[in-house]
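Dropping the structures in below, format is structure tokens.
Common to both upcoming complexes is chain A, partnered first by chain B, then by chain C.
Our next item is the complex of A and B:
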């Protein structure tokens, strides 16, 4: 059934729109950096002029980091496009009725659709790695990477970067899996996919505001919000790498995935199919 | 003979209404079981409960004498169903849709079987076309192919003639008869049109506002004394007083100079015809009306007593 689910996902033209969007944004940033990268770099390094930074600073690793920062905000929407459609889209098309007259349990349907959505999310992340990292390295070459933070900057030697990207993409995949699980849960309650897609984005936007806004009122809830932990991939570009914090973030995201999918199974099993 | 499927005291209550109330019936092998009721009577809700799409508020469903619930959905391998419209994946071909649902049927279905069912429903040659290019009738037929591809013993067809043109309705009717007679399928078919059910069903259940009103064979429900016969004859003003003074007066429902409506057993019609000829009335046409329709209307429009 998993293979059939993938077959359905990848036979739909809309699936490929996401890959096109990632390619377009990555190329846009890469071309812009090619023509105007030095200006951007000068602006970026304004606070650290006292350091003599030499070599190929505007390199492929830095450009990839910029692309990742930009795109990982948008990729949840692309994940929700497919995962939010998983149950609600079937209900909207009317195929859910036919699907549920077959001898397949409802928990299995949820798990297969979740697995297919995760596979699609992984494809997006791998695609992002290909167009982000590979093309950037081709256009800008290698070099030591500067990770500029609000109160410091980290210089990572070029031979020390690739494993960090591998780990970061892996963490990003876990974050996108959380988004897919949330979309599947919302999809259970809807009869068309607009609701779950918009709902997922709405929840992520609101919770991201809570997570990033520096107001003391949100400090108590921040550690429990999954959006706080979705940006845990950035930790791999710190020195030293905060493995404990990254591990805790990964654990919390995994907990949210279990919660979302468990709830989706519970509510879907109870639901009367009237669409 | 053991029933293939049995509903025992099924009740479904939505927020404010009882969509189905204490409904019991069983379908035995070989039945073409008509499920009749006007729109909103609870037919689809009942069929959805039989298939586990809707959870009953109370009551239970037995498939092959085994209680059916979410934990033993493998019982559905015995059933093929189309509920309401046969909505399919429009961006896939007919073949891909059929193969997709065949793979979910719980049985290994060889490609040869897919070709066979496409032939039965008359879609051979169109299987590679995308379903979005299919007419409503073709979608209905593909839906039936999907329902029967795993060779279930029972087919549940919810209003299969909905949205079809007259030719499509006639073809669907023939297909259902063929599925029963040539392929040995037991069929549960619902409709709000008595005429459709009457054409194909061997037994029927009439429900109204979620409650069972009558159940039995078509012959049992068709009380011969209820037969209305319409007799058309040449214009004759004297027929009205003549028939009112005759022994036939008690059977007359209405009479005009050109048409007579009587309610009598079919066996009495030749006698009435003979009397008309003796009165020198030229009879053009004698037509029996569907008494079952009157029966259905009497059940579903008047205050009711459960049959």
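Our next item is the complex of A and C:
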């Protein structure tokens, strides 16, 4: 059944549009940085104007880091495009009842569809790693990586970067799995895929505003929002790496995944399927 | 008669004090010019260095590289493809650039002890008004004619304090280790731009920049070896800052 779900996902042309969009995002950022990266760098380095920073600052590692920022909004949309369609798409096409006539339990259907969505999300992340890291390194070369935080200037030696990217992409996969779980949950309540896709994006955009706006009024709820922890991959580019915080963020995301999928199973098991 | 003797002794006393001060300043000036003359011996060098930048908002590991110097003021750190970070060129990390050039007024400021070593303190004021240096205070080891500490007040770059330790290159007045203490400005970028991950946990050892006042930073350079006066082409220093 898992292979059948993968077949359903990968036979649709729109699945490949997602890969095309990731390629376009990466190339757009890479070309922009190739032609006007110095202006961007000048803006970002204005806080350390007392220092002369020489060498290949605008290198492949820094460009990949900038591309990875899209993980917060753009990539979740692409994940929601497929995961949001998992149940609602079947309902829309009228194949859900047919699917349920098979001797497969409803929780198993949710779990298999979730696993297929996670596989698709992993493919997106791997593709992002290929086009982000590989092409950036080819165009801009290697070098020490600068990570500019709001209150700190972090430099990571070039020999110390790759393991951080491996860990960061691993964490990004966990973050995207959370998005897939949310989309599956919303998909259970809808009869067409637009609702879950828009719902997922709406929730992510609103919660991201809460997470990043920096207003004291949101401080109390920020630690409980999964969007606050979706950028946990950035922690791997700090020095020292805040392992405890990253571990806690990973735990919270895992908790959300269990909550979303558990809820999806619960509601789907009780749902009166009419289409 | 009593009044005559009083005036006579007071005059002698004033003359002696004035002469002693003048002699002390003359000695200090001679000491300064001799020390400055020694610095002029080195026209260029390439040094293997180990460098640590200790500024509250900068988290930079200790790096190794080659430091190129060419008199009077060219300096470049090269790190075999890595990023090199140095204070802007107007805060030059060489002693010869923190000691005023040209005519100066030298004032004797007494003696002090550095690392159980008696040192002569002199204050040097450049006579050229366009000089960026306003005042330099130098702690000099008279026996070896070496500056062990300097404190340079500049017009635009605050005060730069420098501690120097000499070893195997002391005969050419090149240090084995230098520690610079510089004033650094506040660093802040909007959180909306950087989208920081804090994970609700402050990073151990990190001191976030707060407030708007300038704070102190420390740059430590260990010179592992020198190649002196072999000539360095100007092209080495040509790369622009990125």
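Basically, the second predicted complex is superposed on the first by the 273 of 275 C-alpha atoms of A that agree within 3 Å, B and C clash if a C-alpha of one lies under 4 Å from a C-alpha of the other, contacts with A are read in each partner's own complex, and residues count from 1 in each chain.
Operating definition for what follows: a residue touches a chain if its C-beta (ideal position, glycine included) is under 8 Å from a C-beta of that chain, and two chains touch if they have at least 3 such contacts.
Since this is a predicted model, take the numbers as computed values, not measurements.
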Exercise for the section: Could you look at A:94 and tell me whether it touches chain B, chain C, both or neither (first, second, both, neither)? Expected result: first
Exercise for the section: Identify the partner contact of A:130: answer first if only chain B is touched, second if only chain C is, both if each is, neither if none is. Expected result: neither
Exercise for the section: In the overlay, answer first, second, both or neither for which of chain B and chain C A:1 touches. Expected result: first
Exercise for the section: Answer with first, second, both or neither: which of chain B and chain C does A:231 touch in the superposed model? Expected result: second
Practice task
Scan A:269 for contacts with chain B and chain C and give back first, second, both or neither.
Solution key: first
Exercise for the section: Figure out whether A:56 sits in contact with chain B (first) or chain C (second), or with both, or with neither. Expected result: second
Exercise for the section: Determine, for the superposed model, which of the two partners chain B and chain C contacts more residues of chain A. Expected result: C
Handout entry: Which superposed partner A:144 touches (first chain B, second chain C, both, neither)
Key = second
Practice task
Could you look at A:209 and tell me whether it touches chain B, chain C, both or neither (first, second, both, neither)?
Solution key: neither
Practice task
Report for A:38: first if it touches chain B alone, second if chain C alone, otherwise both or neither.
Solution key: second
Exercise for the section: Could you give the residue numbers on chain A that contact chain B in one complex and chain C in the other? Expected result: none
Exercise for the section: Would you mind writing out the residues of chain C in touch with chain A in their complex? Expected result: 57-61, 63, 76-77, 79, 81-89, 91, 184-185, 187-201, 203-206, 208-209, 239-242
Problem - Sites on chain A touched by chain B in the complex - result: 1, 4, 7-8, 11-13, 93-95, 97-106, 269-270, 272-274
Problem - Contact footprint of chain C on chain A as seen in their complex - result: 38, 41, 44, 47-58, 69, 72, 142-144, 146, 148-158, 160, 212-214, 222-223, 229, 231-235, 238-240, 242, 244-246, 248-249
Practice task
Show which residues of chain B lie in contact with chain A when the two form their complex.
Solution key: 48, 51-55, 70, 73-77, 79-92, 96, 100-101, 103-106, 143, 146-147, 156
